[in-house]
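For reference, the structures are reproduced in the following blocks.
In what comes next, chain A is part of two complexes: it sits with chain B in the first one and with chain C in the second one.
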Partner chain A sequence: MQVAAGRATRTLGPLKRVANYLDRHLGIVFLIPGMLILAVTLTYPILSNLWTSFTNKHLIYPGADWVGFENYRVTFTDPNFYRALVNSGVWTVSSIVLQVVLGLAAALLLNAKVRGQAFFRLAMIVPYAFPTVTIALIWRWMLNSVYGVFNFMLMGVGIIDKPIAWLSSMQYSMAVVVLVNVWFGYPLFALGLLAGLQAIPAEHFEVARIEGASPLQTLRHVILPGIKTILGILVVLRTIWVFNSFDLIYLLTGGGPRGATETLPIYAYRIGWDYGFISQTTAIAVLLFIVLAIFAAIYFRLSSADSESAV
Partner chain B sequence: MTLSRTSKAFVYVGLAVFALFSLFPLYWMLASSIRPYAELVSTPPRLFSTSFDISSYVTVLRSSPFLQMFWNTLVVSVITTVVTVLFGAMAGYSLARMRFRGRLVISRSVLLAYIFPQILLVVPLFVAMVNLGLANTYTGLILTYLTFSFPFCMWMLTAYFQSVPLELEQAALIDGASNLGVFWRIVLPLARPGLAASAIFTFIHAWNEFLYALVLLNSQGNQTLSIGLYRMIGGELMRWAELLASTSMMVLPILVAFLLLQRHFVAGLTAGAVKG
Partner chain C sequence: MNRLATRLAMALGALLMAATALGQEITFWHSFTQPVRIAYMEQVAADFEAETGVHVNLEVIPWTQMTSKWTSAAAARTLPDVSIALADVAVEMWEAGLTQPLEPLLESLGGTDFFISESLLDGFHRYEGNLISFPYYAHTRLLLYRKDILDAAGLAAPSSWEEYLDVIAALNNPPDTYGMIQMWSPTDWGATIYLDLFMRSVGADFFDAEGDVIFNSPETIAAVEQLVAMYEAGSPEGAFDLALHSNMYDLFTSGKTAMAFDTLFVASSLKKDRPDLYEANALGVAAPPEQDQIGWFTDVIGIVKMKGKNEDIADDFIRFLYEDVRYVEFLHTIPAGQFPVTTSTAASDGPFFDHPDIERYREGVEITLRGIREGAALGMTYGPNTYAGLLKTGVIENMLQEIVVDGTPVPEAVEAAHNELQALIDRQRQRAR
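== the complex of A and B ==
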């Protein structure tokens, strides 16, 4: 090896030597483009966002002056901010709880050994391929107050007796946007939890069966402990995602009617792009990030408890 | 574990309910899009119909910029996917194999990047693209798409490369292959499922993306489908026939691709994303 390598180097031209040098340091060379991308698309914007949040930059008027904590003060004294905060809480918690319940039920059904599982698994993840704008349009069509099939189905089974304008109703709009989000998101829980279920050793189920455990006891003592970690990780990741999500609600209701579905990201967007106060948008974004950092810390805790090799 | 007849029936009913819930909107979109207009707006709607009418598709293809927008979206999504997977694989391999200080810091901050709210980045990215003269261009849009696709794919691929056994690589190195040769000829082929998963992930996200395109693209000719369809919602009177035809044509290609490749996607999702 040593000899061969030495002879090879002597007969090589300068170009080849550079190539060899790069190859020996491939680990760093490979990282450079990625780190550049991250620097340009993430590090710079985040720092710039933080800076902007202390200025009075406007969408249209040029220039910006330092205003200290003014944007934060304005945000904390805006009643709409608190309404959006509450809406975000309702939207996130109810979406996640329902997605976990449906996802777990679906995962348990998919884990039962019956024929045709592959088809059902495929059927369930179909919503994932839908672009958000099409999800919004299809559901707006189904929830339409005049032609919508949703109303006629509910009237058919006697749940309601006259059509409801779901998306423009103060009372129901939040419930239906959550419904749409659950439709979209439960399959990801189902697949993740299915992977967790399949990792539980068959003997554990066998023991539970021999000891005559009821299905509920099996759920509590075999299934839940077996999927605890993966469930925790999924919940944290999805919570972050749902909390951040902008386009589904924006495309379904635009945050309306009268702010009934306006969550924090939509509130932040409207302040910046409808009213032009983009410095205030950046301040709200910083506040959002602080909340999310807490979730991220929980996630890192959970995932490093799961395995040593976790990155 | 064998199941009794009754519990089998119970499982099937349960699975059927879930499948129906997931698939009905797809069915309803396609069924509505090929109905004659009179039937589309008749109430109560009929669940099944035997009359077909594809005139709304013809209208959309003939007299709306749908094809142009379709092409725009395709170009943006393909370039984003190629750039992401190429650089993501390089960086992911580096993080998975090379030992150097700060490796954990890098991989963690990459994951942190994944949780940044889009809304946190939208103002600075918008301002930066305006300053760079890239507002209203695909280059600008693709750069912003890398903010969500690159960190996630790099993270997913790092996990994937870690699961590829080292022995093959070591054997090739002993045989005198260069590091680059090992990566190109041994590691990448082995990691094909992971690459496929991150490619699908990136492509779907780029194809679907809405907020950045809404903020960055504002001339008529360069709109992506997400924005184009959103602007079609605009008017006082929703033109449902055309909207549903456009929606179907936006969904179908991505749905077909997804179903063909979903095995990789699910594997990648469980290997990379879920295991962390």
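== the complex of A and C ==
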């Protein structure tokens, strides 16, 4: 049979053979335009960035020469880089941990069919209803050291006796920007986890109740196993976004005071756009890319695990 | 007959110009974000199109975004034909090889006499022997004070460093009113401007004629000590979230700060936003600090012409902007905030002075005019300097914060800032080669 088919193929003309080939690989043909667009919009910027990181490209001066690993050397010998790295870690970990805790608490409350549930769900969308710029400017206004409403209220009820510079104090600034970020980011966890909670079969809760499980035991043995995949995906995705985020923290503090809230993206921006050393900024971007690629790999692993468990 | 022939020739010429320009367009960037100035520019564009048939695309680029905008546009090849630019941006564009020398256009305007002084061109617009930009308007930083608050306290505007400390201490009544709030946020360069005023008043400078940093001089250290003493005498503790360009106006009009350094632009805003203060004549104006000399800080807002395919039209458009009636109309959009730089409009009996608000703030106007004659831009005592932009990167603001938060001795902090600036310049020089 195979021999007969082979003879038939050999007797076909070249055009027919191409047509047959295209028939067999039609999927690939349809993918070509998309792949080309991806190559242009993703691969080119990445390669261009990588190339620039090995040059002495400056914001002002035209042209650039190859300088090898010089930009990486300058970055790794700059103490401000390590300060920004630590700040990025603190900013990301504390933001994510608090967003998970608050998001889970909010999801549990909304899942408990409390009165006014629709209102609370709507209220959680508020941080997403406005552009980050608007949110940052409003928070900056409220937290202003001289005329901010926050100080006004705290002084009014006697908690503080003089205004506090929330956004420019070495002591408070990082905590304050993290709290603003938590307010901004926890609804995403809440809504995602709520969807996860509602996917847990009601029988599981029923069995836990009949067996006399405490709320904590229900959380540990029923809820967390039921939402672990979606929680994992949310944590990884949000970690990528928070680690990489620039606008909120930059608009709130500009990385100050004295670098106390300067994360890696802000550090990279300062080097490139303030000082003009754009090639060093691209080197920092490469380092950021490597860190984020690790998180992305974890995300894809979790996603595929989720798909398999769903099957 | 001759007159008729001339008129016919002129009409024919205009017609020819309009016909050849039909369908053409140029792009003009400006940084005038106030509605009144935007409206004025739209009118100018419409008038130019009506006269020449050339459409003018207007793009508003805020001052703080100009560098990121032009560098991106240069990469994308979407630069305008003509742009407004501060001196530091103009010199950067020139270094990037993007702008045209303006000597030929100056000749067509009638030579250097067209502008108020040769020194203005040398101080703000001539770089390495080339005229890289034209002045468009100018202003000077003055001491602005709340006359109502100082009058109530029986105080006069300070002049010497000692007087500043005395007046600030006498006015300080936190949290209602602070003597003179220092705005040290690194998000703008307000602290650098304040420091520059005091440095210049004792003859200190950031750079020498070769562009090397000379920030660690004894005079500079004294000026930094003065600024720190003023902070301690009359600023909210640790309020480093305050920036001159974002917060000064609110702090001043609310009476939170009794004094600030800014231009007479404030007078125009006051008339619109706080007519109560305007009518009460609450805005007092005095010269900047004077110790050995007056510490002038002057900004001349310039115009640059890009290399491109519409250079002749760009020339026409620039000439159009400077036509006397139109130019004075522009200056009057912010009366007493924008000062003339062309000889024909700057004469003391000229049309510029024929405005009630300019008459009202005559004293401030006179101080400003003197500042324009004698002052220099930030880091540009010896003319345009390609490194002056580095003074806007927060180095000075961070230095001041370090002194008051960590208690770092002033000479030590000044030395560190000096070294940081010099290192940045050395690295940039290496690249420039």
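Criterion: the second predicted complex is superposed on the first by the 256 of 311 C-alpha atoms of A that agree within 3 Å, B and C clash if a C-alpha of one lies under 4 Å from a C-alpha of the other, contacts with A are read in each partner's own complex, and residues count from 1 in each chain.
By our rule, contacts are C-beta pairs under 8 Å (C-beta built on N, C-alpha and C of every residue); 3 or more make two chains touch, one makes a residue touch a chain.
Bear in mind the structure is a predicted one, so any value in this text is a computation, not a measurement.
Peer 1: Label the relationship between chain B and chain C on chain A in the superposed model as either fit or clash.
Peer 2: Superposition result for chain B and chain C: clash.
Peer 1: Looking at A:167 after the superposition, I want to know if it touches chain B, chain C, both of them or none. Which is it: first, second, both, neither?
Peer 2: In the superposition, A:167 contacts chain C only.
Peer 1: Based on the superposed arrangement, let me know which partner A:52 touches: chain B (first), chain C (second), both, or neither?
Peer 2: first
Peer 1: Please indicate which partner A:77 is in contact with in the superposed arrangement: first for chain B, second for chain C, both, or neither.
Peer 2: neither
Peer 1: Just to be sure I read the superposition right, which of the two partners does A:62 touch: chain B = first, chain C = second, or both, or neither?
Peer 2: Second partner only.
Peer 1: By the touch definition at the top of the document, which applies to A:258: first (chain B), second (chain C), both, or neither?
Peer 2: Touch partner of A:258: chain C, not chain B.
Peer 1: Does chain B (first) or chain C (second) touch A:214, or do both, or does neither?
Peer 2: neither
Peer 1: Check the residue A:270 against both partner chains and state whether it touches chain B (first), chain C (second), both, or neither.
Peer 2: Second partner only.
Peer 1: Touch test for A:147: chain B only (first), chain C only (second), both, or neither?
Peer 2: A:147 contacts both chain B and chain C.
Peer 1: Touching A:247, do we find chain B (first), chain C (second), both, or neither?
Peer 2: A:247: touches chain B, not chain C.
Peer 1: Going by the contact rule stated at the top, is it chain B or chain C that touches a larger number of residues on chain A?
Peer 2: Comparing chain B with chain C, the partner touching more chain A residues is B.
Peer 1: Looking at the overlay, which bit of chain C runs into chain B, 55-63, 217-225 or 325-333?
Peer 2: With the two structures superposed, the offending stretch of chain C is 55-63.
Peer 1: Counting contacts the way the document defines them, which residues of chain A are shared by the two interfaces, the one with chain B and the one with chain C?
Peer 2: 140, 146-147, 273
Peer 1: With touch defined as at the start, can you tell me which chain B residues reach chain A in the complex?
Peer 2: Its residues touching chain A are 1-3, 7-8, 11-12, 14-15, 18-19, 21-23, 25-26, 28-29, 32, 40-41, 43-45, 47, 87-88, 90-91, 93-95, 97-98, 100, 104, 106-108, 110-113, 115-128, 143-144, 146-147, 150-151, 154-155, 158-159, 162, 176, 178-180, 183, 204, 207-208, 210-211, 215, 225-226, 229-230, 233, 240, 243-244, 247, 250-251, 254-255, 257-259, 262, 266, 269-270, 273-276.
Peer 1: State the interface residues of chain A toward chain C in the complex, per the touch definition above.
Peer 2: 56, 58-62, 140, 143-147, 162-163, 165-170, 253-259, 270, 273-277
Peer 1: Within their complex, state which residues of chain A touch chain B.
Peer 2: 4, 20, 23-24, 26-28, 30-31, 33-35, 37-38, 40-42, 44-46, 48-49, 52, 57, 102, 105-106, 109-110, 112-114, 116, 119-135, 137-142, 146-147, 149, 152, 155, 183, 187-188, 190-192, 195, 202, 205-206, 209, 230, 233-234, 237, 240, 243-244, 246-247, 250-251, 265, 268-269, 272-273, 278, 281-282, 284-286, 288-289, 292-293, 295-296, 299-300, 303, 306-307, 309-311
Peer 1: Could you list, by residue number, the parts of chain C that touch chain A in their complex?
Peer 2: It is residues 67-68, 71, 92, 95-97, 174-175, 178, 181, 185-187, 236-242, 247, 250-251, 254, 256, 386, 390, 392-394, 398, 401-402, 405, 424, 427-428, 430-432 of chain C that touch chain A.
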